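By written order: A, B, C, D, E and F. Residues from 1 in each chain.
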Amino acid sequence: MERAHTLIPLPRREAIRSMIKRGERIDGRKPDEYREVKIEVGVAGNADGSARVSLGHTKAIAGVKASIGPPFPDSPNAGTLVVHAELIPVASPIFEPGPPDENDIELARVVDRGLRSAPALKLEDLVLVPAKHVWRVFIDIYPIDHDGNFIDASGLAAMAALLNARVPKYAVAPDGTLSKSEERVALPIADVPVFVTIAKIGDALVVDPCYEEELVMDARLTFVLTKDGSVCAMQKGGRGGFSVDEIVRALEMAQKVAPELRAKLEAAARAA
Amino acid sequence: MERAHTLIPLPRREAIRSMIKRGERIDGRKPDEYREVKIEVGVAGNADGSARVSLGHTKAIAGVKASIGPPFPDSPNAGTLVVHAELIPVASPIFEPGPPDENDIELARVVDRGLRSAPALKLEDLVLVPAKHVWRVFIDIYPIDHDGNFIDASGLAAMAALLNARVPKYAVAPDGTLSKSEERVALPIADVPVFVTIAKIGDALVVDPCYEEELVMDARLTFVLTKDGSVCAMQKGGRGGFSVDEIVRALEMAQKVAPELRAKLEAAARAA
Amino acid sequence: MERAHTLIPLPRREAIRSMIKRGERIDGRKPDEYREVKIEVGVAGNADGSARVSLGHTKAIAGVKASIGPPFPDSPNAGTLVVHAELIPVASPIFEPGPPDENDIELARVVDRGLRSAPALKLEDLVLVPAKHVWRVFIDIYPIDHDGNFIDASGLAAMAALLNARVPKYAVAPDGTLSKSEERVALPIADVPVFVTIAKIGDALVVDPCYEEELVMDARLTFVLTKDGSVCAMQKGGRGGFSVDEIVRALEMAQKVAPELRAKLEAAARAA
Amino acid sequence: MTGKGSVKLLTEDGRRLDGRALNEMRRLRIEAGVLKNADGSAYVEWGRNKILVAVYGPRETHPRHEALPDRMLLRCRYSMLPFSVKEERKSPTPTRREVEISKVIREALEPAIFLEDYPRTSVDVYIEVIEADGSTRVASITAAAVALADAGIPMMDLVAGVSIGKIEGKLALDINGLEDQYGEGDMPIAMMPRLGEVTLLQADGRFTREEIVQALSMAREAIQRIYEEQRRALKDRYSGVGLEYGSAGEG
Amino acid sequence: MTGKGSVKLLTEDGRRLDGRALNEMRRLRIEAGVLKNADGSAYVEWGRNKILVAVYGPRETHPRHEALPDRMLLRCRYSMLPFSVKEERKSPTPTRREVEISKVIREALEPAIFLEDYPRTSVDVYIEVIEADGSTRVASITAAAVALADAGIPMMDLVAGVSIGKIEGKLALDINGLEDQYGEGDMPIAMMPRLGEVTLLQADGRFTREEIVQALSMAREAIQRIYEEQRRALKDRYSGVGLEYGSAGEG
Amino acid sequence: MTGKGSVKLLTEDGRRLDGRALNEMRRLRIEAGVLKNADGSAYVEWGRNKILVAVYGPRETHPRHEALPDRMLLRCRYSMLPFSVKEERKSPTPTRREVEISKVIREALEPAIFLEDYPRTSVDVYIEVIEADGSTRVASITAAAVALADAGIPMMDLVAGVSIGKIEGKLALDINGLEDQYGEGDMPIAMMPRLGEVTLLQADGRFTREEIVQALSMAREAIQRIYEEQRRALKDRYSGVGLEYGSAGEG
């Protein structure tokens, strides 16, 4: 991503930027128009929950695995959540194999912060025996095809996988021993945060940038929005900056599209 | 190994291949003739068992270290076996220092599969206290000089080191505590698998390829053979393939030399 | 450091070496003269002990963190000491970021040996409950500015940080449970070893080499000296050697400066 | 190892636990050209296995010193997504098993490729297992061959594979995860379907010579059928029937 | 996460536990040019935070293939010394948190630098946290901008930052470690002080739109004051008042 | 550390536990040219220590950027095989101890080599400890010097080493593993035997100045004898008496 700037021929770069100056986008969208969003759940049968999300040609898959283990020593009364993401080369020639780099790590941490801060999960309801047995929830996110705005796709896929997850129900005996039942139950969902990214290109703001728009953008700003319209996480990225006014306009754009994205998430989860 | 193909001058390559077409080999052997095999045990005094094996100029050393520890959680009633191999530069300029690469890993895993599948060790007899204290057996294999067919040398060295191993005898008290005696006992050997590799060069098959033969070979096929003549593991390697008929012929060649290799192993173990 | 030899222009190199031949040094010091030493403690408030040491322009910072944990299985009746050093690029363009290389490791191990061998700490007095709860003392050493002789600066900083350290006092109940008090106590100091390095340049020996002297030196020899004048560790470095006579002369130079260095350490610790 | 033999894998009427006969394959469906960014791609659903393959190349080799003067460099990476396994989450760090499988897959594909046609270039094959249920390495080879063809890499034949297992003393075609875990043996086999050349052969568990001969024969027959499905996927792709991965459910 | 809200962070008269008003900053002191070997450097003490920054460059890029044809390569490494944290010793291996912060710091500084002025070169910014007490990333940016200016890197503006927290439902300027741990939210903000451009913006915890607007406004005002201290440090440096790090105590 | 002094290392008649006098060396046997593929090699048995050394070079330096314009690059890797130690299996990953020892061995050998004779080339010395019983670093140096000579590397002298220990207050020549573990000090010393130059010197445990002088003198005397064995090994090699490693038992 570091060298994205240099990957696009200058004439193409100028063409995209001057279209956007006129309020047009290369794929025909309006500045505040999100691409078509598709969400499917249950796509990976060995996961406890899974989802595949498309934003136009961008596709992400996320899977949840939950297991019982000890809590972190400093949080004896809470389950744990770990988010991991890896930009694998399957999805694009710009991704290289190897251990997680700063892009993988930023992506996972932004998704993690959004889910944790909303919060998506009631971690305190994931305790079976305090200080001893808690649910440990892992979410792994992978791109399938990359055409820009992978943060939003990842956030949606992670949330959809959480909504889709079903884990065995455990009974706790008075002496603290666990017994697993056949029944599977949903995870304790507290909120359904959605991720919305706005790109700044010249003086314009566009929602849900595609890959070529990312190549020419000055900066991006991601909002994670909770059901009540609050912002539970933000992340600015890229080599440019935003004026305070642009931040407020970007937030308004994000708040406009968030309810529809959330509705799609909830519909996909119900449909399963 | 990846670039082995390009390491040999073309005329030499052609010479070797055309000799083999005529049923001759560069070191004067017949196609189905194994090199001279020498096996010595007890060559590394701090190991619980050790062996050095020569196949012609190819030399390998293997050492066994056994210690008591917990079993794997999914196998409470079995000891553990770990095989590790590292193609160190001592043995050849083609080996580079550094963490294990795919060649090291394939080698270790093929030896591991052969020993485990035979099985060489009765892992269930390595349990002192179920789910708590079992023998953990490590085999480490290193090349000393490399002149081809390091898989067979490794397999023989590993098996010889297992046969040579003596570990302290432990008494288990009714409450599960262990007490170590001065007496040392052999490991519970179930079978004595031997590793035999056949190289395909053009339309010919040769057993126990030397290094130059490996450089010109199309593919290799390793058989691990148990006492009763069964095959307990196979591994095809290299950039070529085998016809079904060639596989059967190769197996017959392997079965022909296996008993003698096993006899050498057993003689070396007895001689110690 | 490996290529230090080649980093200095030949005329400069020759100038420095011929000055030294005449008994002069580039910074005006005499061969047996140490640079001005400054020691400040308590410079990192979240550490349990800390110190910053200057030898002329060379600056090092060291911090101690102590926590309670299990002892090493083979030393149930001793606390633990871990020394870590990292030559970070903040201090010099010759240091590169990345995992510890041989220079970092040698440095940490020489400091560790000196402290352990003196011994600086009575490790057996760091036991709260044998085999169960002991103090684990970590010392981390970082360069701030590098102008040669970083070994001595590190050793002094590490020792000053140990002298500066205060850890919570714990009471041990008869049943082995620990209770932490508000009171903080010093670590059990047994000796105050000091590190003195002598460089050999041509036929001359100089104490406390600066960076340019390190670039032209043939070899270095570090002595760690205890209060009673004994040597508790030595380390020769560099691509040259010492005659036996030079070793004895170097030791005498080191023994001459050691008491003053120790006095500075003790004064700094008292002043805090 | 554990549990080998501790689960009965055949019912009294000789059927396997999923209802199949011993020589019956699981349902197989391949799609070619399912990814937008890759030069070639394929998606396979084989029983419960779901595997996605992307191919890039032939392209300039990076890092350059790995380029081969006389032929194309083929690189393969087989990896299991952390949630693809039945057991607890797999660490995303490549395991030794994945490293070995990547190597044998590469060596199973190389015999089919005209490597000499594009010296100094490289082709990268990335294999991601989304859901695993036994025999994933042969399923990966089968899909990778389709993805290579989809990328236009010159090949003398496709490569297709199947695993022969041994359960309760009998050979069984196309073993699934349960049969792999509790069965007595596993012999993954890959061949060039038209040329009949075996390009991958591994085994663990005990097999007699006769069983090996029989296993190779069972595999050869099955591989002809797998090959038909590979060809159908490529034909559909070229006739524009191909679907993006995920554009329609998993059917 | 744990303990969020479990500690009362405001006294009954509306003061914070360290005695500050909600819109009051901690004591801030910056020194420029404190290191001998680096091309530029700065040291900041901000409350109990102590942070040292070294800058090298513009210089030839190593490894060479990372050089950019059309602009300077900026690299940042933010790291916490193992003894800089209140909790148990931090491992010296970079954590995921440090990797992310290094990236956002770089992207906070880049907008202020004329990157096109020195194509193919690189500038390295090394940030070492010696003592940490909340808001270290914005303190690091503030010091790094001074160190870049000290190194003579051409910049269109400095960059300065501050963190706005949310404690007991109210916005609080420049939160410290305790407030970060037990408060309801943290919003680190960096700006180019003269141009008013926001170059770093992150948040966790819930904020309404109105709160975000108010936080940006609080930050903007504070950043003007921080900018004054940055300029003072640079002025002192050029007038020779600058001190070596550690040549005088910590004041 | 633990146990220092907890085991009596001298019998009542002043003998060591293995029967040696304080100034008595263990049996030493060196063979040169024991490997077929290496450019030079040596095998040493010294007491129970068994160490194999291979030397490659002078050869082109890889990676190229490590080449030195004015001299040969010497690289050393000392490693202990996992089963070479008395204690539990050692992990094959290089330990910090092995990294440091590799460095001091390199710096012990460099003074003896005419490094300027082959600029831009490299020589690699690989040392594998098969069985360890104390003083392995000096045994490694002793064998490595022979292997370098066997490879034809131009040298001004050989290098040989021995460890002086301190047990029950007395200096002891050539300490073994037990004496290292339970003794009061260890001083490994390497010298160029003809030139008398000390090229490795380390110590832990307390030594007075007089003890250091005495230790150096004991070492010097022993090193002359070790040097004789080195020369014998090289002479035998050139006269064709040399044996492959393992071609005859360990005697």
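The criterion applied here is as follows: a contact is a pair of C-beta atoms (placed from the backbone, for glycine too) under 8 Å apart; a residue touches a chain by one contact, two chains touch by 3 or more.
Bear in mind that the values here come from a model prediction, so they are computed numbers and not experimental data.
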Legend entry - Target chain F, source chain E, minimum contact steps: 2
Inset, instruction - State, to the nearest whole Å, the distance from the C-alpha centre of chain C to the C-alpha centre of chain D. - result: 58
Inset, instruction - Indicate the whole-number Å distance between the mean C-alpha point of chain B and the mean C-alpha point of chain F. - result: 31
Inset, instruction - Could you grab the centroid distance between chain C and chain F? Build each centroid from C-alpha atoms only and quote it in angstrom. - result: 27
Inset, instruction - Spell out, as numbers or ranges, the residues of chain D touching 2 or more other chains. - result: none
Legend entry - Residue list for chain C, restricted to those that touch at least two other chains: none
Legend entry - Sequence of chains encountered when the ring is traversed from chain C in the direction of chain F: C, F, B, D, A, E
Legend entry - Touching residues on chain A, where the partner in the complex is chain D: 38, 40, 43-48, 50, 52, 54, 57, 59, 61, 63-65, 67, 84, 86, 88-93, 97, 99, 138, 140, 142, 144-147
Inset, instruction - Would you tell me which residues of chain B are touching chain D in their complex? - result: 3, 5-6, 74-75, 77-78, 100, 102-103, 105-106, 108-109, 113, 116-118, 123, 219, 221, 226, 229-244, 247-248, 251-252, 255
Inset, instruction - Under the touch definition given earlier, write down the residues of chain F that touch chain B in their complex. - result: 35-38, 48, 50, 52, 54, 56, 77, 79, 81-86, 88-89, 92-93, 124, 126, 128, 130-133, 244-247, 249-250
Legend entry - Footprint of chain B on chain D - complex, ascending: 1-2, 68-71, 96-97, 99-100, 102-104, 107, 110-111, 115, 185, 187, 191-192, 195-209, 212-213, 216-217, 220
